[in-house]
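Dropping the structures in below, format is structure tokens.
Each of the two complexes below includes subunit A, the first together with subunit B, the second together with subunit C.
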Partner chain A sequence: MNLPVRVVKGSWQNWLGRVVLFGGVGLFMFRAMNEWSRSGLGLLTDALIIAIAVTGLNLITGYTGQLSLGHAAFFAIGAFTSAMLVTGKVWSPFFTDNIWTPGWTMPVAAVVCFLIGMVVGIPALRLKGIYLALVTLVFTEAVRALFKYGEFEGVTGGATGIKGFGYLPPSWTGLDGRSDLVKWFFWLSLAILVVVSILSAGLLRSRIGRAMVAVRDNETAAAVMGVNLFSIKTLVFGLSGAIAGVAGSLYALKLTLVDADIPIFGLFGSVTLLVALVVGGAAQNWGPFVGAMFYVFVNDFARGVGEAPSDAVILGWFVDSGTKINGLGGVTFGVLLILFARFVPFGAVGTMRMWRSKLVQVVPRVPAVAGVVDSRSSGPLGEEGSGSVDSTPSSIGAVESPGPIDPDRPDSPS
Partner chain B sequence: MSLFIERLVNGLADGSIYALLALALVVVFRSTGQLNFAQGEIGTLGAFVVSTLTLSGLPVWLSILLAMFVGFVISAGVERVVVRPIEHRNPGAVIVALIGVFLAVNQLVAMFWGVDARGLPNVFPDQADDFVTILGAPVRIARLGVIGVLIVVLLLLWLMFNKTKIGLAMRAVANNQESSNLVGIRVGTILVVGWGLAGAIGVLAAALLAPSAGLTGTLMLGPFLLASVAAVLGGLDSPVGAVVGGLIIGLTEAFMVGYVDFLGADMLFPVMLVILLVVLLLRPSGLFGSERVERV
Partner chain C sequence: MSGDALLAVTGLTAGYGPVEVLHGLDFTVGEGEIVVILGANGAGKTTTMRAVSGMIPRHGTVEFGGVDISGAKPDAIVRAGVSQVPQGRGTFTDLTVEDNLECGGYTVKGSIAEDLERWYGVFPRLAERRDQKAGSLSGGEQQMLAVARAMMSRPKLLLCDEPSLGLAPLITKELFKVLGNLRDEHGMSLLIVEQNAGMSLALADRAYVLETGSIVATGTGDELLADDTIKEAYLGVVN
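After this line comes the complex of A and B, so read on.
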């Protein structure tokens, strides 16, 4: 048997691969829910929430090539929107006593973040690379400062934040209110991640998705070919922000409090999301999930390595439990990031794809004219209808695409 | 009037620190095209080295020079060991690696020196009566000294870039690495020297800031962010821009806190965002940055 084995897209072998992959992940999730401890499941839920936000970031940074360090702001806006609506801090027309049902605040958070994201997308028309990254980073800190601002205390809670809300499982879930809270948030996060991933994969197959990749690969060329840069950038920034906003909303409901000083709402949140994206694999459909898992669990491992000397050190990277990684643990995590960047430069998923393509390649179905399955063309450019949105592991914003060419569709198993 | 002078000098002094750090960022950006996330933390580490050396009895100025050398070596090492093997493979991964360096250095400092704030002696006279009177306003000598250091560093950098062979080589590498290589410049050495220089400048900035701000593990976090804003404001590839940007930020901070009561220090970043947007939407590469012409 010659390697690599070529599997025709849409054939039963291809479907078998997908079933094995999705089944494996599904089985893992099911076992985790039943067998893991509460804290382990809580950690897994955190990873899922991060994965949702990174899925949003992936749209704008991975596929459209606009480096954003502003997604912690959307995360924060989503969180505060939920907290404000649920506790009745702002007027709401549809619910009695101004109090929203927690579940309904998520779509509101998405809409709010979508609108703000569209506005944030406007500077992206003029700014590139690090300039855009810095502006979005300052946007993050500016949003945080506004939430903390004393004059707005009546609405945002000012420096103390908002406490005393939550999201108990509705009765149709059959979960018991308080004791199954961890499971409830786990399933809710998983469900939202699945929905968001499907929507994002659908978007990437559409006309808009191709325009996004065209903008990433060469903006000027894309504009010449008729892509409307203004619409694409503002729309994708909006969508991307909306997804991060839903994640933030979920995070707030799980944490049952919001406070502008929570690190993930600021600079470190933005950095966390970007690191998770790059570590998992930018412009890879499984990248956000793998990156978030890596981030949360390796971070947790590193935290176990070193004792915390004091909590004065800045990096309470992942704040849910209020613990911080410090000293030796922090050094370990930093060194792990360096090693990862050195040896897995295209992220876990990108690198696995490269290895896998040496064994198995998924090729598009060839029109029946030639009658051969094995007519592999030179690459994505030569392939009619392959639509390889993420055919090569992409670096952020970079035009060149080193590494072997892997003519896969985004939905093929890794 | 005297209050105005005082705030002006304070703004310029803080601005000088941001300008120094922004200069360091610009030197790295020109050679590697990256924002060095670890710049501030290398400075913090240097400031702790200064603290240890002065406690062992060395004079402050000598400690700072030695610490600058340490900063040079560490920063050069980061370029050689961490950045160079990655940058040709994936620029996105370099950001992650530099964030890793940031975290590792930050936590190393916490491991070695603990997290309690400590004082750092000032290299300039900084007693209660060490001030001069300018237009009726008492101005602390230490604050003027910081501004003086910025001017000296600028002068030295200008001399180095324009009058020495290595400066010429650095400009060539910033302009075009491949061509520089072809005319016989050792690009690798130049990159190492550039990063090292940036590390040394970063340590100097931290050592000047620490006496007034208090030396803690988070010393350079805020200044690093503001210096990045300054560098972007002035243009990431322009040393002049870095200085102008740094002074703009320092003055904005001083006057905003001083004169605009309802904003105060808490609203620094919203104001920065507005300034940044106004400047960058008019000039996308910053005030003094050079526009990149892109070919399709």
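After this line comes the complex of A and C, so read on.
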């Protein structure tokens, strides 16, 4: 059998591959829930929540090509929206009692973040590249400062934040209140991640999704196709902010408190999301999930090394047991990240795809167009047999007729 | 000039920040006409294209089909019926051929399935590769894709920004045949900016010569081809 094996897109083999992939991940999740310790499952849940936020960031930064350092702000806004609604700190015009159950605050957080994203996006997305990054960075810190501002203490809790709320599993889940809390948040996060991923994939397949990639690939060409660059960017910024807001809301409910000083609500959070995106693979559908898993678990491993260096690989030979080294956890994580960037280019998913393509390639179906005979083998990207004669020489599309003067063909004399 | 002009540009000035690149251009494109604006590097060819399609701030009047579009935004101009093949093709390399074409039909309301089949019929090579990423096509194929994509918005006028750029002579020849075909069989009007004088003037019904932001000569394609100064400046023929 010749490698790589060619699988036609949409064939049963292609679907089998997908079933194996999703089944594998599903089985992993199922086993994790039943067999992992509470702390392990908690970490996995954190990874899922970050993956939701990164899915949002992927829309604007990965697919539309607009670098945002502002997604921690949406994360924080989502978290505070939930906290303020659940604890009844926000004035509600129609009801004397607070009607907000924790679950219903999540869609509210999404709407609030969408609107704020649009408002911030209108001035911000007129800028490009590094300038957009700067403005969104300021947005993150400004939001954090607003939540800490003393005058708003009655609503946001000011410097001390908001405590004393939570989200117990509803009775229909069959989970037992407090003891199954970890499992409940795990399932909730997983379900929301799946829904958000499906919605995001649907968006990317739509007219707007194509326009997003067009804007990223070539703004000028997108504009002369009639794509309104500014509206597309602003809309996507709002949507991506809404998704990050849902993640923030989930994060707050899991943590049962919010506080503007929590690192992930600030610039650190924006960088975390960006690192997870790049590590997982920007503009890859599995990128946010893999990146968030990497970030959370490798970070946890690095922290373990920092706390007990004498137990670590190699390092343990040089360090006496019981020794503590300040900042070692951060350094370990940094070194791992650098190694990752060196040996796993295009992010984890991109690299996995590259390896996989050496074994299996998914090739597009050969379309049945009347009058066109595919003179090439079913080869994928540009693997045409040299000297093939075009079967439709009279058609005006037969540009790349056989001949030695195609400037783009690497084997042509130039 | 054939009848009323489809595109009438008068006193067009445009530039970048404080630098004025175009110093008051006047030109027209009639229905079913191919007009070439010939210019060397830095003459203002791309700036002219950008100014017409609304990509940069501009002064003067641009009338299309009798309607003043001087102040219109790029997407409104596309909707009005002006489409562009940008310089360097501008294909969306990460999208498939079909997605590229669908992007071209972005402004069309309703189904574009028929448009797809129509242009696949004209460009069978693109039909063969409809599920391939545009970045995997050869330069000539990408240029064809850019033309087909521009036609997807159902334009009346096609702007081509140096279509021959980076293409081998034989492929350029094929491309100009395609462009002529768009006029003859599909009733299109074309405005092409070029520095390949020989091939573009042979195709053009009329042509203008642009030098440092001003039009210095005009005539039919054949007239300009016979002109000694043009020969000297663009064709390298010294008498």
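FYI, the second predicted complex is superposed on the first by the 340 of 414 C-alpha atoms of A that agree within 3 Å, B and C clash if a C-alpha of one lies under 4 Å from a C-alpha of the other, contacts with A are read in each partner's own complex, and residues count from 1 in each chain.
Methods note: contacts are C-beta pairs under 8 Å (C-beta built on N, C-alpha and C of every residue); 3 or more make two chains touch, one makes a residue touch a chain.
The structure displayed is predicted, hence computed values, not measured ones.
J.: With both complexes superposed on chain A, which partner does A:D217 reach: first (subunit B), second (subunit C), both or neither?
T.: The answer is second: A:D217 touches subunit C but not subunit B.
J.: Could you tell me if A:L253 is touching subunit B, subunit C, both of them or neither one (first, second, both, neither)?
T.: A:L253 sits against neither subunit B nor subunit C.
J.: Contacts for A:V271 in the overlay, against subunit B (first) and subunit C (second): which applies, first, second, both or neither?
T.: After superposing on A, A:V271 lies in contact with subunit B but is clear of subunit C.
J.: With both structures superposed, pick whichever of subunit B and subunit C touches the larger number of subunit A residues.
T.: B
J.: Under the stated touch criterion, which partner chain does A:P364 make contact with: subunit B (first), subunit C (second), both, or neither?
T.: second
J.: Going by the contact definition given at the top, which residues of subunit A touch subunit B in one complex and subunit C in the other?
T.: Dual-contact residues (subunit A): 218, 220-221, 224, 395-398.
J.: Under the stated contact criterion, what part of subunit C meets subunit A in this complex?
T.: Residue list for subunit C touching subunit A: 53, 55, 73-75, 78-79, 83-84, 86, 90-96, 99, 102-104, 106-107, 120, 122-128, 130-133, 136-141, 143-144, 146, 149-150, 153, 166-171, 174-175, 177-178, 181.
J.: Touching residues of subunit A toward subunit C in the complex: what are they?
T.: Residues 9, 207, 210-211, 213-214, 216-218, 220-228, 283, 364-367, 369, 371-372, 374, 380-382, 390, 392, 395-401, 403, 405-409.
J.: Which stretch or stretches of subunit B touch subunit A in the complex?
T.: 29, 34-35, 82, 85-86, 89-97, 99-108, 110-111, 114-116, 216-218, 221, 225, 228-229, 232, 236, 262, 266-270, 272-273, 276-277, 280-281, 284-286, 294, 296
J.: Any idea which subunit A residues touch subunit B in the complex?
T.: 123, 126-128, 130-131, 133-135, 137-139, 141-142, 144-146, 148-151, 218, 220-221, 224, 267, 271, 274-275, 278-279, 282, 306, 309-310, 312-315, 325-331, 333-338, 340-342, 345-346, 395-398, 402
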